[in-house]
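Take a look at these structures.
Both complexes shown next keep chain A, but they swap its partner, so chain B is in the first and chain C is in the second.
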Partner chain A sequence: MSETFDVTQELDVRGLNCPMPLVKSRKAVNALPVGGVLKVVATDRGSVKDFQAWAKTAKNIELVAQEETEQDGQTLYIHYLKRTS
Partner chain B sequence: MSVQQPATVVARPVEEVYADLLANKVPVILDVRNADDFARWHIEGRQGTRVINIPYFEFIEDEEGSLAKVPTDAPVLVVCAKEGSSQFVAELLAERGIQASYLAGGINAWGNFYDVRPVLDAAYGRILQISRPARGDLAWLVVSDGEAAVIDPLRHIEHVNAVLEEENATLVHIFDTHVHADHISGGPALAREHRAPYYIHPYDAIHPLDMLPAKYEYVPLADNDTFTVGRFTVRVIWYPGHTLGQVNYLFTAPTGETFLFTGDGIFLQSFGRPDLGGRGEEWAPILYESMFEKLPRYITDETWILPAHFASLDEDDGQGRFYAPYGKVYETNTTLKEASQMSRDEFVAWILDNLPVFPEQYIEIKRVNIGISTPDEETASELELGKNICALADAYDE
Partner chain C sequence: MTVQEQTTQQSVEALLARIAELEARVEALEQAPAQDIEDRLAMVVFSGDLDKALAAFIIATGAAAMGLEVSMFFTFWGLSVVRKGRAFEGKNVIQKAFGAMLPAGEQSLHLSKMDFFGAGAALMRKIMRDNNVSSLDEMVELAQELGVRMVACEMSRDLLGIRDEELIDGLESGGVATFIGDASRSKVTLFI
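Now for the complex of A and B:
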């Protein structure tokens, strides 16, 4: 899925629990140019539903994709957030 | 309870929060999980507790707007999945002068919290209630002369073991009123650990939808079987309707006092629904006969009703104990009273018009409870998420 858009910046929030993945993502999106895409790499399973719900209500964020991958025996939850305005 | 310093937020242990819920001292719960998780299940207090849902990310997105939705006239208990987000929001509230605390361990701690308290303390024996308030599940332990029987034990058997140790009693009977569909029974595990017999009625040892037999050892019950537990005598009353093999256990003390463990028969409010086996139409008339024709022959207005579930904390006696004499249950249980005044045909029609949603996971839980499926801890926990919907009254809550 990540082929269809370019990632502007990557944010590593592995090991961080709620609410930090979202707090840091909000700050990072604010620093993006409009149209830019932030890739967030998280280990907190709760972030999947929270990012979906957050993107629905947030002012200038579109959740363009979510992925789940295994790495070193750990599940990674990857979110792609686009700054829309 | 806890020593509060100004502008700091306190993490409150779940035991303390439960005591405050019972004492009606939690005016506001602010649940900051996402709306879907909140809708699936959340902490419910007494009627006096206001529960509101504002996801934590809304505080991040629009701090002022979200804060404006929080009541400022009462202390607020903030709850999230684990703990982090509730602490985060509680601190925001405290900065604005709102008295805020958060639940230590989050909703997970609440889901796994068990409460144990005695309901009877007599010369001839004791009855203890083991409840899991998040689910509204109740198990009971009867102790007399060093012997104990457990009725409808829940999945986390360490709580039964702790009471047995404290009471210095040997577990002699493990009674399930029926094969449960809403939670995983601790019966087979207790039977293995204590080498005590595990009893169910054989009609419940067949999965009603799969039509497959149970794969563990159990002792089959028959109507009118009798047992003893110390100085109590126990009579099995076959009570089909919620399941085909449901029984009630009638305990009689040497004084003649009687205690009826009803399982998912009569609850303090409402009664067990007849449709969970997929045969509502056929089982509703049987339930009517069990509840209104058979059972009255065995009990009096003084007989204690001790059920396997409650739907609301307000069903208690004011002190977290979920039992009442039948005479009082009949007067306060409006669903039961209304039903008792119907003919059998009216009852069946009314039941079929009022069936609550059928929870899909109940099919799998029943498989687990007859030993034909064995979940790991995560799956077991997932299956048991949320509150039971065994009672007919839930139809009106949907």
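Now for the complex of A and C:
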């Protein structure tokens, strides 16, 4: 993984289901400084499309990157969100 | 005047007419009231079924998290979803009967399908706990925390004889105009 941005804060939403990954991320993004990047680690497969849709809808959020990794036989969906304003 | 000059003049005239027509349309549009469609979601929660209420609250909290202003209007059986208890004092017979039969609170809501006299709903709650899905109570609390506007329909509340003290805190009271007021400015409107 090549990271071209600094992660300001990390949020663990493993095990949580819709709509909690979104709700918790929104709260965390609100607490970020402008320009900050939030890394969200989720196990909810639906979160991949959800975060894309959120970034499209929201005015102050940019989805910088998304990735999938395997850990302990579990797929992790990782999202990097940037607060733009 | 040559044939060529004639055709040029005709096309210029046609263009001028078209410009005049467009100017008139722009003026008409400018005078019409602006169609202010905002990032809002307005929802009627008519059903008092557990599954439908869950869908309503998942949509509401998700939308609020995505940055939409959310309004929920609870009417008829939907009032059961935001009911926390029962009160009988001072009600007439019909109101008492309604009050006793209508569910009060999340734990007494039923599924719209495969309920089997409450067994299905109990099973659903267990599956939700096992799968780490938030309960309806948690969702309602979350919705309030996220600033979701919740309005109880005054007319159906009166009909069913449901008192303010039987409803959860933080509810507003309103009628159809309150809903239309929000719905007419909303990108998304739902009836559940």
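The rule is simple: the second predicted complex is superposed on the first by the 83 of 85 C-alpha atoms of A that agree within 3 Å, B and C clash if a C-alpha of one lies under 4 Å from a C-alpha of the other, contacts with A are read in each partner's own complex, and residues count from 1 in each chain.
As a working rule, a residue touches a chain if its C-beta (ideal position, glycine included) is under 8 Å from a C-beta of that chain, and two chains touch if they have at least 3 such contacts.
Predicted model only: the values in this text are computed from it and were never measured.
Once chain A of one complex is fitted onto chain A of the other, the partner contacts of A:Trp54 extend to both chain B and chain C. Once the two complexes are laid over each other on the shared chain, residue contacts for A:Gly15 go to chain C alone; chain B is not touched. Of the two partner chains, chain B is the only one that A:Gly46 touches; chain C does not reach it. Once the two complexes are laid over each other on the shared chain, residue contacts for A:Arg26 go to chain B and to chain C alike. In the superposition on chain A, the residues of chain A touched by chain B in one structure and by chain C in the other are 17-20, 22-23, 26, 50, 53-54, 57-59. Put simply, chain A touches chain C in their complex at residues 15-20, 22-23, 25-26, 50, 53-54, 57-60. Listing the residues of chain C that touch chain A in their complex gives 39, 58, 61-62, 64-68, 131-134, 142, 146. Chain B meets chain A in the complex at residues 34-37, 55-58, 60-61, 80-82, 84-85, 88. Note for the complex: chain A touches chain B at residues 17-20, 22-23, 26, 46, 49-50, 52-54, 57-59.
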